[in-house]
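Think of it as A, B, C, D and E in the order they're written, each chain with its own count starting at 1.
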Amino acid sequence: MSVIVTATTILLLLIGVAFFLAGSMGLLRFPDVHARLHALTKADNLGLGFITLALLPQAADVWIASKLVMIWLLTMLAAATVSQLIARSALHEEDVKQEPGP
Amino acid sequence: MIEAYFFAATVLLMTVAVCLVRVLRGPTRADRMMGAQLAATAGVAILALISPAGSPAMLDVALVLALLGAFAAVAFVKAATIDGAGDPEEESQ
Amino acid sequence: MAPAFSALTLFDVVLCVLIIGVALCSSSVRDLFAATVLLIIYGVFVAIAWVRLGAVDVALAEAAIGAGLTGVLLIGAVARLKITESPAAAVSRWQFAAKVIPASLGLLIASGLAYLVLTVEWRETLQAPVLANLPDTGVLNPVTAVLLNYRAYDTLLETSVLFAALIASWCTTHDDLWGERAGLRQHTRRAGILATFGRFLPPIGLIVGIHIFWAGADKWGGAFQAGTIFAAVWILAIMAGVIDAPNATGRSIRSFAVAGPMFFTFVALTGVLAQSFLIIPVMVAKPLTLAIEACLTLSIAATLMLLVLGAPRRSA
Amino acid sequence: MLLDLAAPDFPWIALSVAIPLFAALIAALSSALAPVVAMIAALLCLGAALWTAVLVTTHGAQEVAVGAWPPPLGIVLRADGLAVAMLITAGLVSIAAFAFARQAFSARTQTPETRSAYSFWPLGLCVLAGVNAAFVSNDLFNLYVALELTTIAAAALVAMSGSRAAFEAAIRYLMFALLGSLFYLLGVVLTYSTHGVLDIRLLAISAESGPSTIAAAALMSAGLMTKMALFPLHAWLPPAHSAAPAPASALLSALVVKPPFVILLRIWFEAMPELVTPTLAQAFGALGACGVLLGSILAMRQERLKLVVAYSTVAQLGYLVLVFPLAGGGGAQQPWAAGAWTGAIFLTLSHALAKGAMFLAAGAFVEARGNDRLDSLVGLAREMPISCFAFGLAAVSLMGLPPSGGFTGKYLLLTSSFASGQWWWGIVLVVGGLLSAVYLFGPLSLMFAREPALAVTPVSRARQSIALLLGLLSILLGLFSEAPYRLLQVDRPGAAAEGFT
Amino acid sequence: MNGSIPFALCGAVLVGIGLYGVMAHDHLLRRLIAFNVTGSGVFLLFGSLSALSSGGATGAVPQALIITGIVVAVASTAFVLALVVRLKEEDVDAPAPGAFEGSSEHDDHAP
């Protein structure tokens, strides 16, 4: 199809993948739970968001496109909730005990 | 185009491999759970990326994963509370 | 000889390596919680492998059960056991033997299977008859046709397995807690994040479940996948404190869990009228299959929900 | 009515699965009805099985293609002599177990409903449905599901008493059983992927012995041997079978370990007879012999009656696999065709009846004395003659003394071992019989000792005579062995008479 | 090379890893995890052999059998977990040392 659409898709893909990479690096390198959680949420929402955006122009029909958007929204909702909960739980866990390292 | 999707998906697989390290190292359970969370999201992204190569049914798998990906984490935060059935928000007040 | 390089093959190989890596980590990591989390991740990637093998029905089941319910089950148990590390075992000669014998057996079986995979000419011939007889089954999804028509008897026994597992897990109830609510008494902060999530997600889950159920007759999915999704959102609503867990052995939930297999067995028994067993007549195949699927879905949802919540327990 | 119940193709065998299933579901809904429903279901099963036996002996083996789909697409249920004999035994033992259980697990006597009174009935009926399904199914994967149904319900019966030991025994049992299921399933997967069929009869036609077929047969056998507690995979059985309440123990020891053996027979004799080499057959026999000796020796050293009986199950199951080296042995010289094969099945049947009787008698002793320690059995014969007599009759059958069913079975195995020149298996049979006499003589001599009995809680005569009936049946099986012998010959596999060649 | 060969090999390796875990681990939950790994390895092998023989996707019959197997596996897992949790509660009420893990007097390598 049109070169512009393809180029946009690939660019958006790259950005999405880059966010995932950054997220996992953050998860690996950041010093404490809360910083890591921060990295995680970014990767979750933005990475999947950009990949969804990249796939949208290529979607065969509206049904598939809307499903893609729905998946993204659902993941965002779940990720936001879960990260909040994990953050609070981690606070609590730190209070209770500090598990030994690896 | 499909090739590009699969390359991207392959890179995502590798990012998952990276977050396995976090799951293995911990140190807290929250850290390990976060690794699972990122892996689930990456799984959703990978499914979305490889679905154009097959049937649209594959998007439904992504949908189910997106829906249920958070369940384990919810079970975890519930179980991590004092009586195992509470809400971390109750306890942080 | 060398395969044409393609991104698809590369992806498949990396996926397989990753799955094996996750399995190895899960088997070797000392922390029990980590092993459980790794099993959840493992489920996600096995589901992707199923997608790559063109088995969408299995992928849906694996995503819902392997990556969803099994994780909830195990995490709940690990947390309840409050054990993080495997006990540091004293290293003795027997301990060593206890690792070496399984390791060599595992290696033997894995390499034997791999040898067979590469050398035997595999034959799977049933796909043609499955498709040829599809018009008589009233459904368009061949997997549903196998599950609810050609091999419906397997499914009948399988729902009985679920039923038996439910009664069996009730059997672990403390005698004085018989008839109490399933699992622990759940509570959350009113209008907190968890409660809101538990209010918001189940309707979406219901829609997705109905979609998977409906698509099951014609395209992919079906009773088991939809039932698992319903069970999952049911559990979420309970964990979020939106609804109370049912009385584990209460009359209403009992009938819920029993209705599906009972209807199915009843249909099976009516086959006796035709001097056979478990006949789905062609004329009513579509509505009858849908009715069986609907009953099964509800019962599977109730059974899995009760299995995951577990027997009634005292709060700490 | 449209129904022609007397027609040879009426699906009676399907009913022997569907009826207990349906009854289990009803029992799960209403615990008040459960004991009655269970008894009706077991009686119907026995009736259906007996009627099928009549049909099968007159019309030959009977088949039901479930859903009218012929294999390989569909699943076939098949009633040959072996299946019907097992169905009848399952009906008899479950009637006895359910009748004995009525008092302990009746919802009427226990209001409000209790855990064990509620769950015993659906689980017991699931066991009955599971074993019946395994006896009649001719489809390897369907057999897997039937085995799983049996295993889960059986493990729950083990855990039923709610004691620590019971939970431990149940977990241990499940670990072994689930591992066995995995091996079996792996074998099924390889079979299907190689031949494209799961039906045992079709497999017999298509099976050519490639490496994957051999691997599949080995894996399935390993799994089934785990599930039937064959040496050296027997360690789970004694704690599990002794921890369960008496009627559940009867179901477990008499019935639950039998389907794996029947499937083992079907795989090797019907589906892949050409795979058996003499070495393999001797290896099977060696495992069986080890099981006989080890089980007997351990049985002697137990201090609790239920453990003695449970270890004796390990020993008795060992005899069964002697069928592999002995099948077809010296067929020409024998008065009865397929002697070893028939003998092994006679042993299976008589063991089921005798073990059911023993565990029910042991249950009566436990109720009377509050425990099952051997030293508390002293002088019980005077207080509970019926139960002691039942135990004695069952012991006669287990020792293989004439005129019991156990004797018929052992006699057939012995003749073929000597006729085929494999005297060493004959020695195993004789020594095993002597050892069983030793370990059963201990409890019997205590029961019939002249010393006065210790304090006894009365157990009703009616309930005691349930065990007596089963014990009598195990003797009658030997006295009137003509009809069961004829039944077993219906559609028996060729390898049973000719041996593995 | 057929596209499903990697998955078939992967299934074979998973069976090996899982069986090792089921037999070698002391802790019951770890055995249960290994049990689930083995199960999905068997299923993966099944599905990919079917895909291998048809040269395309996994057939309908294997898919149906695998779904049945997955449901059976989750049912058994749930039951074993219920037993393990209950046994642990017994220990809390009346602690017995070493009772919870695979217990050393059992021949753990034998199953």
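The rule is simple: a residue touches a chain if its C-beta (ideal position, glycine included) is under 8 Å from a C-beta of that chain, and two chains touch if they have at least 3 such contacts.
Keep in mind the model is a prediction, meaning the values are calculated, not measured.
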{"item": "Other chains in touch with both chain B and chain C", "value": "A"}
{"item": "Contacts common to chain A and chain D (chain labels)", "value": "C"}
{"item": "Maximum centroid distance from chain C, chain identifier (CA atoms)", "value": "D"}
{"item": "Identity of the chain that, by mean CA position, is farthest from chain E", "value": "A"}
{"item": "Chain centre separation (chain B, chain E; CA means) in Å", "value": "22"}
{"item": "Between chain E and chain A, distance of the C-alpha-averaged centres to the nearest whole Å", "value": "31"}
{"item": "Mean-CA-position distance for chain E and chain D (Å)", "value": "27"}
{"item": "CA centroid of chain B to CA centroid of chain D, Å", "value": "47"}
{"item": "Where chain A touches two or more other chains at once, by residue number", "value": "74, 78, 81, 85, 99"}
{"item": "Per-residue multi-chain contacts in chain B, two or more chains", "value": "4, 16, 24, 26, 29, 33, 35, 60, 63, 67, 69-70, 74, 76-77, 80, 88-89"}
{"item": "Per-residue multi-chain contacts in chain E, two or more chains", "value": "15, 18-19, 22-23, 45, 49-50, 53, 62, 65, 68, 72, 75-76, 79, 83-84, 86"}
{"item": "Interchain pairs in contact, sorted by label", "value": "A-B, A-C, B-C, C-D, C-E, D-E"}
{"item": "Chain D partner contacts - residues on chain E that touch it in the complex", "value": "15, 18-19, 22-23, 28, 31, 35, 38-39, 42, 45-46, 49-50, 53, 62, 65, 68-69, 72, 75-76, 79-80, 83-84, 86-87, 90, 94, 96, 99, 103, 106-107, 110-111"}
{"item": "Residue ranges of chain D in contact with chain E within the complex", "value": "141, 144-145, 148, 151-152, 155-156, 159, 164, 167-168, 170-172, 174-176, 178-179, 182, 185-186, 189, 192-193, 226, 232-233, 235-236"}
{"item": "Complex interface listing, chain C residues touching chain B", "value": "6-8, 10-11, 14-15, 18, 21-22, 25, 29, 31, 33-34, 37-38, 40-41, 44-45, 47-48, 50-52, 54, 56, 59-60, 63-64, 67-69, 71-72, 75-76, 78-80, 183-189, 192-195, 197, 201, 204-205, 208, 211-212, 215, 219-221, 225, 229, 232-233, 235-236, 239-241, 315-316"}
{"item": "Touching residues (chain side chain C, partner chain D) in the complex", "value": "112-113, 115-116, 119-120, 122-126, 129-130, 133, 149-154, 156-158, 160-161, 163-165, 167-168, 170-173, 175, 178-179, 249, 251, 254-255, 257-258, 261-262, 265-266, 268-269, 271-280"}
{"item": "Chain B-facing residues of chain A, complex", "value": "6, 9-10, 13-14, 16-17, 20-21, 23-25, 27-28, 33, 36-37, 40, 43-44, 47-48, 51-52, 55, 58, 60, 63-64, 67-68, 70-71, 74-75, 78-79, 81-83, 85-94, 98-102"}
